[in-house]
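To start, I am sharing the structure in question, which I have written as structure tokens.
Every chain is named by a letter (A, B, C and D) in the order it is written, and numbering of its residues begins at 1.
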Amino acid sequence: MNFFLLSAIKMAMVMGVLMLTLLYLQWAERKVVAHIQVRLGPYRVGPHGLLQPIADTLKLLLKEDLTPPGVNKGLYVFAPFLAITLSLISIVVIPFGPAIEVAGVQTWMQLTDLNVGVVFVLAISSLAVYGIVLAGWASNSKYPLLGSLRSAAQMISYELPLGLTIAAPLLMANTLSLREIVLSQSHYYWGWIPAWNVLHGPLPQVIAFVVFMIAAFAETNRIPFDLPEAETELVAGFHTEYSSMKFAGFFMAEYANMFTVCSMATVLFLGGWLPPWPAEKGSVFFPSVMFAAAGLIALRHGLYRARPRDRRSFQVIAMVSFGLAALFLIPAFAQFFSPLFWFGLKTGLLLFTFIWVRGTLPRFRYDQLMRFAWSFLFPVAAVNLMATALLVAIFG
Amino acid sequence: MDAIIFLIFAAAAVIFGINVVLRTHPVSSALALIGVMASLAVIYLLLGAPFLAAVQVLVYAGAIMVLFLFVIMLLNAGSEKKSRGAWMARLAGVPLLVALLTILSFVIFRMYPRSVGVKFGSFAAGTVERVGSALFTTYLLPFEITSLLVLIAILGAVVLGYKELD
Amino acid sequence: MEQQLWIIPALPLAGFLVNGLLGRRLPKAAVTAVAITSVALSFLWVLKTVTGLMPLDAAYVERYFDWIRVGSLRIGCDLMMDRLTAVMVLVVTGVGLLIHIYAAGYMAHDTGYARFFAYLNLFMFFMLTLVLAANYLLMFVGWEGVGLCSYLLIGFWFLRKSATNAGNKAFIVNRVGDFGFSLAIFLLVINFNTLDFGEVFAKLSGWPVENTVGTLTLVGLLLLLGATGKSAQVPLYVWLPDAMEGPTPVSALIHAATMVTAGVYMVARTAPLYLKAPMALEMVALIGLVTAFFAATIGLVQNDIKKVFAYSTVSQLGYMFLGVGTGAFAAGIFHLVTHAFFKALLFLGAGSVIHALSGEQDLRIMGGLRKKTPWTFWTLACASVSIAGVPFTAGFFSKDEILVAAYHHAPWMYWVGTLAAGMTAFYVFRAFFLAFFGEYRGEGHPHESPAVMTLPLAALALLSLAGGFIPVPGWLEPLFGAPSAHHNPVLVAVSVSFGLAGIFLAWLFYVARPELPGALATRFSGIYRTVLNKYYVDEIYNAAIVKPVVEGSRSLLWKGIDVELIDASVNGIAARARGVGDMLRRMQSGYIRNYAAWVLLGAVVLMLAIGGTR
Amino acid sequence: MPQTIPLSWYLVLSAVLFALGAAGFVFRRNIITMFMSIELMLNAVNLTFIAFAYHLRQVDGQVFAFFVMVVAAAEAAVGLAIILTVFKNRATLQVDEIASMKN
């Protein structure tokens, strides 16, 4: 098939799923944080507020698009587009699954595989700071400017530990292509312990994984590192002057960034789409079992409802879960979707961690933030990298 | 295809480059410079240097230019003011530059005939592996010395940026 | 088989690095452990190497890398081991180890504890480099290095003016000797185009024995000049007595047992060359004899216990030179070994006495310490009988070998040497009796030193008594040949009787009839005063050399050449440069962009030039 | 429309960018802009290096370009620190006002 056509189809699919994911990621965040705080969260729009994201999108679309006086027009408009574009570009090199064959066409569940894939992701993520910096500067207002200055310093600082922790698994995988990194983790120790980089010899990259996740929090400006948009200090930081769809652009960029770093963590450390134990030992049945269990729980909630508004929603959720469980029992379906399931599960768990931390931790002070990066994360990452290099050189 | 890509990005690089020089506000210049760098990164890809292209974006656009922007914003540098002596600089500089460019182009065209074209993919040595092994074997000493240079630069920047206690 | 000789000096060097860099932060126990362990391991490695290389008939050389390579001249960083080196290395590491242990007790309360051991380890490194070196230049490195350590350790208590002065004196006097040594090295390079011991001596066989003054004689004399500096011989001996300002373990290790014997070692090492230059060798013997006698006379009347032993050291070194100078190289080295034992013991014992008296060094204020410090008393007694040459002690064997060789060479040398031996016995026992017999003449409460100090004393005492049975001359026979002189019972009896007479006189003067010395001193007050003031040698040097040099430097070199010529011409050049700069300054506008325009213009011109040629 | 572009065009592009950088350095008065002009010139040189690496089929040119980037990064750090210090002491970024070297 034509290369361009194939790419276009893949791109359309990825974009569709991704956009939906981003919409509902926000819903999930509100729900999870609400439950952490013993609230209900969105509940009114649709069953369990499931239509809330759509309503929000509509609201942002229809809102008046303010352009404050005194802004640098061109850059003011350009910044959110830059932010969203850069946050989406990295997706192209993320491998979601193995090679598949659909209607006689063989292809990978990945938009493209660069031989410098990891450096590409790093390069793009190093550009991500421009969206924020330009937004803050173009707004011609002091809170956004402060936010963007903070952001510039913070993102440059945390890029170092991020880069160093990425380098460690690269040493073990011996390639920069993300696809090959995943494939290098595809064997199992003693038949069932996965050789993911967090567990992989010669040096399990647990430290690198933790440091990577911390730096990722900072790179995506998430709590506890959300200094650029600290609402208690800077109103809303770099996007104070933004509203309507431009604001939505930043919002989406943040979630897309979260998705990207979680995918990267999955690929680099958690074995990408690979199941945690071999298929012949039953990992193929895990999706069915999980969905069935979810269905049972939903069914129980449906039968003994806690709130009068829960009429039939839990029963419907239970039926959908059972249906999915059944679908995963069909080999053809499972073969196609279980890699996606595992990738989604791992990335989803990491995303849940992001939300969980947001509901739990307070914000750092600015000097603490910088000191943490330079005098703790950076040395730890450097030492880890050196140790890995040494061990790889000895045993590798 | 190669020709089109080159022409597009060469034109972009030149336009951005003109913007670097002509814009009066430093932020605009900086953004134009980032544009030049991005265009050049694509051209590096054409020339079979994917690693260098990525590093160009990562180091130049992602780190150096962020520093520039950071400093510009920190100092809140405004647009440039005219000062005396500017016309003299133009008087002397413009002919010199034109002369330089002319001679350079002349020499280049004389030395490198136009028959040989640059074809994307005909030279694929710019991988991380090849560049890395050259760096760590043939150019190991320069590489190590460069690391020393970077260390010195860090120290220098820290010393310069350190608040005096008095 | 590779023996890794480099480990021997590397271990003390490591100790120096640890103690020198981290010593201030380490606890005392760690400093001690590092210092002593490094030397102990070095000693063990020496044992391993020597046994591994047995029977060591030929020199074993390890070449590591080329240090200097100019034209056909190649000087390597090479270490070697032959029988002579083996003796030296064993003495250096063995005695050094004992003294390190002793110093741990002696210096225990000093604030510069880590610094002291760092220096001491550094000294061990350089000393081992000196004796292990396989060429003159590397030997010179060690030679200079031990000089440096000597300087540092003499001036160890640098808050005392006298200590720093003594350090400076040692350093400067040694410069004279080192000057000779370096000239000798240059001569060797010119004539042999190599500095490697083996190669020099191999090429030497093509040279005839020199009956008149020639190159080899010159080299020998220059080397001797170097040796007189390092080994404190006439005329450069003046630094050694002053060097007693350093801590006593330093006096024992550096200024008695090891460093000062480097000159003897060097002459013995260069034996093949000296054998081709008999005049130089004769000079060695003469210098040694003069020194032995001269220093012994000074030693007779000194009142500072360490000074007595210092002059004794000078005198004994003279014996060694006499030995090697009369061709009895093995005897000289033998005396070097036994001297290392008993003189180190004498100094360490003196240190123990000083330690017991909390820093008192004047013999006139001691006395009666026999009961209070029994260990020190008995061990010092061993050392004293050994140095006095009482039969079957270590000193007896080695000294008699030398004296017999001297008799064989020229009988008068034997008689002078024997006289000096008698004086040696006298002054050593004078000090011994003054310190340990009679009534205690000072104040305070003397106490015996701790075991960490007395145990090395005991070990050295054993060696002083029995060290003569170590067959050093036999061991060295393959290198220097069998001794030409046979033992002559008559000569031995004469020299022994001189020694015993000295002991008896000392007993008579200082135990039996203590009023006699005073009477003698008043009777011969002129001679007594001269000798007490060390023949005014320091004053003579001061007037004859130091003053003129200082004055000349001040009036001629400084006020004359420096100010009038050098400064004036430099200032003149500067003034001219400023004048030219004044003219060029007009181009320097201070505006960056002007400079950039100039650079641009240059680039255009350059491009034109290049483009035009293509 | 030719399918490929000859190497000389790449070199001329590099020359143009270099000339632009030089022009920026000579004509601009803002010290930061001048600094950026230097970076522009460095980029032009890098392009030459990489173009020749392609022409000679050797990776060495790319290694040189890599070194140029590293040195540029070091230079930017120190240079910007100097600019900050200058600004702190003189409150200006105009090079013409920073002429204490004059006379």
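Here, a residue touches a chain if its C-beta (ideal position, glycine included) is under 8 Å from a C-beta of that chain, and two chains touch if they have at least 3 such contacts.
This structure is a prediction, so every number in the text was calculated from the model and none was measured.
Per-chain CA centroids place chain C at a distance of 63 Å from chain D. Between chain A and chain D the centroid-to-centroid distance comes to 37 Å (mean Cα coordinates, whole Å). Each chain gets one centre point, the mean of its Cα atoms, and the points for chain A and chain C are 75 Å apart. Multi-chain contact residues of chain B, defined as those touching 2 or more other chains: 51, 55, 63, 67, 74, 85, 89, 93, 97, 100, 104, 111. Of all residues in chain A, none touches two or more other chains. Along chain D, residues 22, 26-27, 29, 96 each make contact with two or more other chains.
Taken as a graph of touching chains, this assembly fits none of the simple shapes: it is neither a line, a ring, a star nor a complete graph. Contacts between chains, counted with the stated touch criterion, involve the pairs A-B, B-C, B-D, C-D.
Considering their complex, residues 27, 31, 34, 50-51, 54-55, 57-58, 61-63, 66-67, 69-70, 73-74, 127-128 of chain B touch chain A. Those residues of chain B that touch chain D in the complex are listed here as 1-4, 6-7, 10, 13-14, 17-18, 20-21, 26, 29-30, 33, 36-37, 40, 43-44, 47-49, 51-52, 55-56, 59-60, 63-64, 67-68, 71-72, 74-75, 77, 80-81, 83-86, 89-90, 93-94, 97, 100-101, 104-105, 108-109, 111-119, 123, 125-126, 130-131, 134-135, 138-139, 142-143, 146, 149-150, 152-154, 156-157, 160-161. Per the touch definition, chain C reaches chain D in the complex via residues 585, 588-593, 596-597, 600. The touching residues of chain C, counted against chain B in their complex, run 591, 593, 597, 600-601, 603-604, 607-608, 610-611, 614. Of all the residues in chain A, the ones that touch chain B in their complex are 75, 114-116, 119-120, 122-124, 126-127, 129-130, 133-134, 136-137, 145, 148-149, 152-153, 155-156, 159, 176.
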